[in-house]
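Shared between the two complexes below is subunit A, which has subunit B as its partner in the first and subunit C in the second.
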Partner chain A sequence: MNEEDLISKKELLELTGISYGQLYRWKRKNLIPEAWFVRRSSFTGQETFFPKDKILQRIERIKNMKDGLSLDELADVFSPSSHVESLSTQTLIKRNIVTSFAIELFEEEFGRQETLSFNDILTVYLLQKLLQSGEITREEGKMLVTVMRENYGALAAKPCELVLIRKMGVPLLFLAESAEQIYFDKDVKWIFRLSLAASIEELKLKLNNTEA
Partner chain B sequence: MVANGNLGGSRGNMKITGNGSSNGGAFQHIKIMGDAVINGDADCELFKCMGNAKVNGSLHAGSASCNGTMKVTDRMRGGSIKVQGEMKVGNELSAENVSITGELSVGGRMSAGKVKISGELHVNEDCQMEELHIKGMVEVNGMLNAEQVDIKLYGSSRLRELVGSHILVKKGIGLPFLGKFIQGTEGSLTAETIEGDTIVLENTKASVVRGRSVTIGSGCRIGLVEYQDEFKQDSEASVMQSAQINL
Partner chain C sequence: MDTRSELQISGIGRSQGGSYSHVRTDGMAKINGNTECISLDSNGTLTIEGALTSETVSVNGTATVEGGLKTNRMVLDGMVSLKEHVVCQELLTVNGRLSVGRGLDGERVEIFGSLKTRDDVQCELLSVHGGFSIDGLLNAGLIDVKMNMPCKAQEIGGESITVRRLKKFSVLEQFVPALSAKLQAHTIEGDDIYLEHTEAEIVRGNDVIIGKGCRIGRVEYKNQLTQDEDSHIGAAYQI
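Take a look at the complex of A and B:
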């Protein structure tokens, strides 16, 4: 990680207007992951730094959402695991979380499903999101569900990215646990790279909202 | 006497009077009067010990109380923990309410809701809780993060980082006259960094103190104070450098 990507604690508080008390309260509730507290030695002893973009974005989101949700509910939104174990396909469609179209495509690959686990809900959610935005085709959608089904279990609770590239019209879809920098030759076109953590947050908000 | 529980089946009670051992398991109540060793993980709703208890494994108890000494070699999880005497946890400790008269030492991390201790607290790694009230000494080889910290110092306490919202460190009541001349009778706290919203300190040695409102009382030796709203310093305190910052 480059020096420029870090922000010191003092700068962070200055920029966001939060207090030490808030920062540490959010850390206790796991709203801010332990791994983001980067300790470096400085002239006053040790200083704490944070990955700038991630922490600023996270604090903005906490500030926006904290009025509506309790800290514990927020912690659940940001955590990679979920308390929602599984939901029936009917409920998912009825609650407008995913469309029946996305579920049908999913079922074409894996057969009829009565209930979906959280990982499968996430898969269908991603599928729908990407189909709607026109970034993937139906065929690539099928690749997506296979990739997610086969590999996401092993990656569960880890930050990872979903990446689609095409070369000469041939799609290649993969899950990357850490893809800070990847370089391809010039014929390769990046279609999208999507942080799963952000999608999980969106999905959880949807699941929680409609529950309330 | 040997008592074993069966995991997954109906929960019985374990009762050991005198000397005994068990291989652990799931119970409703575990009651020990005397001396007992549990070899293996144990899970129970109520754990009660008068005397000595040792769990060679982990312990999960809805509530645990002990008069005497208690040792858990692996991690311990509990709703409420009440100890008069000594308690040692080899690995992580997590609990809702903890109340200790005597000594608590934790080999790993500690996380708790409300903690009240008269005596000593030793934590080998980071420690987080909502409320901490200590009368005595505290030693944390990591960060102590709590919404509210209230320490009354007896003996010499040591922390790496002390952070939270409200931090209050007061000296214990030493010998009325002699305390002034004999060092160490009032208790002291040494920390690298102290950060919080409201900070009130006495008898504290720290390199950096940062907060919204900072009060440095008698007996303190602080390297750098950074404050936002308010800074008060006792005449018997030494502060090398202080600066107001605009957060």
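Take a look at the complex of A and C:
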């Protein structure tokens, strides 16, 4: 990480207008991950720094959402695991979280499902999102479902990315747990690179909103 | 239906860990293995060679838990040593001495006596009557400390921080300065801060009151700074 990407605690508070109390409270509630508190020495001794883009974005989101949701609900939105264990496919369609088309595709691979676990809901949600944006084909959608089903369990609650590349028309889909930078030869075309954490946040907001 | 059995040890006894409904020990007890129960009640000496998960924990006397501890309510009277991370979701009351080998996560923490941890302490409310030594960050919404023993933390952060010294002045501390009741911290950050007899390098807050006996290297405040005559501030900046 470069020096420029870090922001000191003092600058952060000035920039965002929050107080020390709020910052510490959000830290206690796990709204801000421990890993973002970076200790560096400075002229006053040890100081705390944060990754600038991530923390500013997170604080903006907390400020926007904290009026509607309690801090505990917010923490749940930001955490990669979920308390929603499962929902029936009908409720999901009725609540407009996923379309019946995406569920049908999912069921083509795994047979009929009455209820879906959170991981499966996430899979269907991703599937629908990518199909709608036209980034993947039906066949690749099936790959997605299989990859998620087989591997996401082991990665659950860890930040990871979903990546699709194509070379000479051959698609290759993978889940990367920590891939800051990957390089391929020039024939390889990046189709998309999706942070699962962001999708999980979106999905959870949808789940929570429709519950209320 | 809960089919777990009770565990009761009176006198000198030893038992396996496992899943129990209620655990009650009187005398010298040793449990070897991870233990899970609804309530744990101990009088005398208790050693658990493993982790403990129990809704309520009550200890009279001494106790040692080698593994992690997770509970809702815990009352400790006496000397307790917990070697790993401690989570207490509702209320932790200590009358005596508690030492934690790692960090402590709590909601309400009330200490009458002393608290010692090797890592961060996080809770909503911390009230200390006595002293503490926290080898890390103390992060609590409301911190209320009445010192009559030396207090130490690397960093303190929270919304409201109040540190006072109890009136009683012992003869001993006039001769041995290391034993005097004062707070030592590197950084103290909060919204409302009131400090007495505190040595810190940096204090940052909205409304800061530096009471008697403080030595602060640098104060950064937003709204207001009040300083007692009997205190020393290296430099003060309004931000």
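Convention: the second predicted complex is superposed on the first by the 212 of 212 C-alpha atoms of A that agree within 3 Å, B and C clash if a C-alpha of one lies under 4 Å from a C-alpha of the other, contacts with A are read in each partner's own complex, and residues count from 1 in each chain.
Note that in this section a residue touches a chain if its C-beta (ideal position, glycine included) is under 8 Å from a C-beta of that chain, and two chains touch if they have at least 3 such contacts.
Quick caveat, the model's predicted, so the values are computed rather than measured.
Partners subunit B and subunit C, once the complexes are superposed on subunit A, run into each other and clash.
In the superposed model, A:Gly17 lies in contact with subunit B only, and not with subunit C.
By the document's definition of touching, both partners, subunit B and subunit C, reach A:Gln46.
Once the two complexes are overlaid on the shared chain, A:Tyr183 sits clear of subunit B and of subunit C alike. Of the two partner chains placed around the shared chain by superposition, subunit B and subunit C are both touched by A:Lys27.
Judged by the document's definition of touching, subunit A residues 10, 14, 19-21, 24-25, 27-28, 44-46 lie at the interface with subunit B and also at the interface with subunit C. Subunit C contributes residues 122-124, 139-141, 157-160, 186-187, 189-191, 201-202, 204-206, 217-218, 220, 222, 239 to its touches with subunit A in the complex. Residue ranges of subunit A in contact with subunit B, taken from their complex: 10, 13-14, 17, 19-21, 24-25, 27-28, 44-46. The part of subunit B that touches subunit A in the complex is made up of residues 128, 130, 145-147, 163-166, 192-193, 195-197, 207-208, 210-212, 223-224, 226, 245-247. Of all residues in subunit A, those touching subunit C in their complex are 9-10, 14, 19-25, 27-28, 44-46.
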